[in-house]
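What follows is a pair of complexes built around chain A, which joins chain B in one and chain C in the other.
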Partner chain A sequence: MSTPTLQPQVSADVTRVDVPASPPPKRRRKRRNPLPYWLIAPALVVMLLIHVLPAAGGVVLSFKKFNLFTFRELFGAPWNGLENYRSILLDSDNPLHSGFWGAVQNTAVYTFWTVTGTLVGGLAIALLLNRKMRGQRVARTLMLVPWIIPSYVVAVLWAFMWQSDVGIINKVLVDYTHLLGHRPVWLLGPNTMWAIIIPSIWRGLPLAILIFLAGLQAQPQEVHEAASIDGAGPWRRFRYITLPLIRPLIGVQLLFGVIYAAYQYAIPTVMFGTNPGPDADLMMTFIVRQSFSNSLYGLGAAASTMLMLAMLVWVAVWYRVFRRDLEVT
Partner chain B sequence: MRSKLAIAFGLIAVVLALTVAACGGSSSDNKASSQPAANATAPKKGTTITFWIMPNGPQPQQDMEKTVAAFTQKTGVKVNVEVVGWDVQLDRIKNAAVSGQGPDVTQAGTTQVPFFAALGGFENLDNRVSEIGGKNAYAPGVWQTTQLQGQKGTYAVPWFTEARAIYYRKDVLKKAGIDPATAFKDTQSFQQTLQTIKDKVPTINGKPISPFGMPGKKAFDLVHHVMPFVWDNGGAELNSDASQSTINSPEAEQGVDFVANLVKQGLFDKSMLERDGTQVENQFKGGRLAVWIGGPWVLSTISRTDDKNWVPAARANVGVAAMPTGPVGKAYTFVGGSNLMMYKSSQHKNEAWALMKYLSGDEVQKQYADVLSFFPARLAPQEQVGQSDDNHKAFYAAIQQGRTYAPIAQWGPIENAYKGRFGNILDSAAGQGKQPFSEAEVKSQLNAAAKEADALLAQGS
Partner chain C sequence: MTAFALSPRTRKRLVNRGLDVLTWLVVALMLAPVFWLVASSLQNDGQLARGSYDLLHPTFTAFKNMWKTVDFERYFINSVIICTVAALLATAFASTAGYALARFRFRGARPFGLAVIGTQLIPGSMFLLPLFIGFLWIKQHLGIQLFDTRVGMILVYTAFFTPVAIYFMRSFFQGIPRDLEEAAQVDGCTPFTAFVRIVLPSAAPGLVATFVYAFLFAWDELLFVAALTEHNAETLPLGIRLFIGNYSQYYGQLMAAGVVATIPVVIAFFAAQRWLVKGITAGAVKG
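Let's look at the complex of A and B:
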């Protein structure tokens, strides 16, 4: 009884599989609708005009002797070959040389701590908010507040809070809690790096929390329950279930976090002005200052191009590491 | 495949068409705008000219419209006043000069004039300035700001002027037993006054007060505050033909050292280095600083009850003194302000000049400078404002001893380089530098500043 019933099912399946393979390739191509291409065309044109063309223009200018004396000539400025790149990287007489390497180092430190702080902090808070508790909604809403504050305002607020004599941070650390015996100076010297890293993490946390929370809530509870029954504790469940499942989310945030941090400009500029000093001068503050305040457009374009290339390398490295996660998602 | 190709070619064609259209548009505009203006000498009635100003004073647009109303009435030339923010003015004035798409007349900072003149988009006013009295109608330091070193020509007319002077608290000096007449006479007595205030007046009316403070690298005008001490010691920013930096000369080093040592000795409140210019100004108004260096615009705020930054004790006790005399026997100060420049691309040059001439009238100068609490740029009205009271007298004296920087196109970048290095020196004197404060560190920072400046100077060669 059972065999005849099974047979038609199998044959039916086979037929179903065969059906899509049968139409000739020519007809399938004809059926493809060009409308989607026309729909994305305006976006593509705008991207080419406002993104690709200026970037290409910047790369061309990086090979030119383009400064205030040749400013009127723009693309007609004298060709300078690789001189701009050589002098920034190797020539200690070039005014940009020492500042460039300082800015590279500062940007690496800033990016590392900002991205690490944002992702680790974001995940930790998301795990806390994912637990059932009273006031959960209020806590989630409050956590999102820094996200709606513009970077400019964040920097202005923190610049006041960091002031060593009357700022609230030293008041809390020294006057109220007596955690420190002396008043640290945040807006001068080596601490200036922390003075921009901490507000940047504060500003970036809400988005990280939001993304991680969405990921955590989408996780099947059955897996956690099964693991619990098998005797897995909270750490092992986090290490072997939660973390692998949110790996794609970590990957995407890492990609954008590093790019965003490497291009950070608003917070240090608002906090310290056009020259944040040797301890907090990032690539973007350095490039903007040298290009536009100091009219060293060609050298600035070369530094920008190098930063852009560094980001392309980062995207390539990232792609190799997270390619599998992209396929999964 | 063919349809994909068609779409791709279509997109490229659109991009190219738009690009060509954009380029074509700008070049044809350039041609049109570079055509000479009509050859009439008198301003034509009914013409409208555009005038860019920066946010001068609390109500820049209204104040300027009020000022030019009489000009319009007299000449029939309408003036379209546009306020351009200080944060973007450098780029906008520069881009307008290059593209030929700009106003007829613009305000420009005095130290920016050589840079704009070197760009080539501004009118040489040599043939016209005799109508406003030329060079002799202005103090030498003020007139110098209209020139570009190495080129014959006058690229701007001075508009309004400012200089830096010492603000002090009369009640603090009285409590310390110091005579204001000699307190800031020379650099030695200046330092001694701060030391006495530190020792004898740590508080006033029960509140702590620091002897002195000024902003560090966060202030746009840090160089204006340090250079007077460099000049006082016989140093200079550049050599006489502006071909090489001299900021690392022993004399310049002495001047910078003098300021840095005030920090080191605790006479200069180092927390002020964390603040920008406005914030430090408010510290003086708030009664937390006994001595401070500032411009004339603060004078008018003393009587303004809506300026809540003043505490009553500070408001009632403001004194002004000229900058101290240095070892070379002169009391230098920085003299700055704003000038007016005419665009070469202007289609209404006669009308533009009529406006510049009107704004250079003695009475108009006095009225507008009064609104802004700056000083008129011209000598005659300047003197009148200078005689109004003791505090204005001190500023008038300062302007006469005023000095500005070499009028070269690269000055802006060089000033930025100096500012960064002066900032590093003050930070290290405050114990916050990359290297600990020492004579060798000051020398090394000034050598680096000179090297950067020389590289910037070499650009023009």
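Let's look at the complex of A and C:
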């Protein structure tokens, strides 16, 4: 009553537009009610203003010659065609060409290990926690803790632990357990990749455990019992009952895990600064550094666009593989 | 060898006990870095630089000094204000949008739902610069300062975390029976007043969980605040880096700052844990 605009009658003439397409009996149900549009309006407006419009602007900038000298012209900067794309993709004279491909390769390695480690580890731990055990609830709650630690705290903490001479990790590996004969350098050179992958897995595990555990608990117990009576061992029950049932959960986590890992920025940046070095430079650190430290805005925008395209391809591939699981859920 | 001599029942019990031990080992391993964070924050900077720990004699000096070494209070207050307001707004916007997606069949519902997921596909670096330019443009043409202000950051974070919040709220609304609203409408409520007076109160746990979820994400954000602030609206991730520089190695204070930066999210998480876990798993299990 206080909101007269939301009365259903208002929509009467709006409805007429799409009535002919729908069969007569359904006409009344298809009457367009303006309420849902009012309900999504605030979210739609902020998403348009902060996500869609600027992202479109980013694509436009990727075709512009936009750097420190042309910055004052903003979107009036001269067009550059596909030059930004060509120079980083193909131009071997451009010093950034190899940096870009290095970042692509690093991001692929980082994403593969982070996602694999998180999903495999998460499922294994979820299976452990799904057993009847004293203190089961305490164990499950404690397992969630790493997920709440902010990623910048994760990064400073692990950088502190990775220190070669006085870091606790080398102390445990070398001094206490003698697993390694020498002290590896973690924060410089090839090991830097592991220095960011391992904390990422550590922080990602709790969420994976949580989701897998929910999936495991939702499984019908009778199926397991029946299979057990028929003589199926633990491995076969896992392979032929558990795995197919949690396949949709693996799918969902793969989809978002890959995107999240490919867009990782906080952990390498906080750990190593704007330039993590050739062994741990990811796409995002590369793009942000070229855009903001080196003022190559157009080039950064082109690299961002390609990163997004790569993720669109990933979503398409994912959809082909997991389409049937979407229908189940 | 002896294992084969044992009866199947004893063997099963042994395996079970072994797996129990393994579980607790994994728990310990997962918590070890957190323990190390807290333990290190209770040592002084000199000890940590040498790597010599005295766990039996903790000291709170790092927690005292960190506020003087870096103007940590400013970063902390900025984080609290920006993240709280942004999470509240995101929850408010998401509650109406999530309700629309959960209850109404309307033209454009599916494209809107896809667009909500689609926003997650945009890398931050893609719209960071245009957003910065937009801020400059608004300053020039409308005279509203958004760069380096809390209002600007609140605006960005609200938009940022509205999409995840929408999916969260939608799954909560799907769990509320329709009869409530239908009864309310029979009693003379409009659909909208039924939503405000009947549905929202019964979705209170969902609102809390969504708020906490958005808050956790906002608290973690680094890229945008680094580019869109300079001094006034800087938040914790920018402040915490100042403890380690070329001339200063305040490791104890760095760890103490890490603990302090984590406390608010730990409180928020455990206050809403039950509903939060429900929201996350419902979203994932139902898809």
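In this section, the second predicted complex is superposed on the first by the 299 of 329 C-alpha atoms of A that agree within 3 Å, B and C clash if a C-alpha of one lies under 4 Å from a C-alpha of the other, contacts with A are read in each partner's own complex, and residues count from 1 in each chain.
We adopt the following convention: a contact is a pair of C-beta atoms (placed from the backbone, for glycine too) under 8 Å apart; a residue touches a chain by one contact, two chains touch by 3 or more.
Just so it is clear, the structure is predicted and the values come from calculations on it, not from any experiment.
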TODO: Please indicate which partner A:Trp202 is in contact with in the superposed arrangement: first for chain B, second for chain C, both, or neither.
DONE: second
Task: Which superposed partner A:Arg289 touches (first chain B, second chain C, both, neither) - done: first
- [ ] Considering only the touch criterion stated at the top, classify A:Gly277 as touching first (chain B), second (chain C), both, or neither.
- [x] first
TODO: With the two complexes superposed on chain A, say which partner A:Asn67 touches: chain B (first), chain C (second), both, or neither.
DONE: first
Task: Touched partner set for A:Asn94, first chain B, second chain C, both or neither - done: first
Task: If touched residues of chain A are counted for chain B and for chain C, the larger one - done: C
Open item on the list: Applying the document's definition of touch, where does A:Pro54 land relative to chain B and chain C: first, second, both, or neither?
Closed with: second
Open item on the list: Quick check for you: in the superposed arrangement, does A:Pro184 touch first (chain B), second (chain C), both or neither?
Closed with: neither
TODO: With the two complexes superposed on chain A, say which partner A:Leu44 touches: chain B (first), chain C (second), both, or neither.
DONE: both
Task: Which of chain B and chain C A:Ser164 touches, first, second, both or neither - done: first
TODO: Using the superposition described at the top, list the residues of chain A that contact chain B and also contact chain C.
DONE: 32, 37-38, 44, 49, 53, 74, 163, 165, 292
- [ ] Quick one: which bits of chain A touch chain C in the complex? Just the residue numbers, please.
- [x] 1-3, 6-7, 18, 32-33, 35-40, 42-44, 46-47, 49-59, 61, 74-75, 125, 128-129, 131, 133-134, 139, 141-146, 148-153, 156-158, 160-161, 163, 165-168, 171, 202, 205-207, 210-211, 213-215, 218, 248-249, 252-253, 256, 259, 263, 265-266, 269-270, 283-284, 287-288, 291-292, 297, 300-301, 303-305, 307-308, 311-312, 315, 326, 329
Task: chain A-touching residues of chain B, taken from the complex the two chains share - done: 1, 3-4, 7, 10-11, 14-15, 18-19, 90-91, 94, 98, 115, 118-121, 216-220, 270-271, 273-276, 409-410, 412-413, 416-417, 419-420, 423-424, 427, 430-434, 448, 451-452, 455-456, 459-460
Task: Touch list for chain A against partner chain B, complex - done: 29, 32, 34, 37-38, 41, 44-45, 48-49, 53, 67-69, 71-72, 74, 93-95, 98, 162-165, 185-191, 272-275, 277-279, 289, 292-296
Task: Touching residues (chain side chain C, partner chain A) in the complex - done: 16, 19-20, 22-24, 26-27, 30-31, 33-34, 36-37, 40, 48-51, 92-94, 96-97, 99-101, 103-104, 106-109, 112, 115-116, 119-131, 133-134, 136-137, 155-156, 158-160, 162-163, 166, 190-193, 195, 216, 219-220, 222-223, 227, 236-237, 240-241, 244, 251, 254-255, 258, 261-262, 265-266, 269, 273, 277, 280-281, 284-287
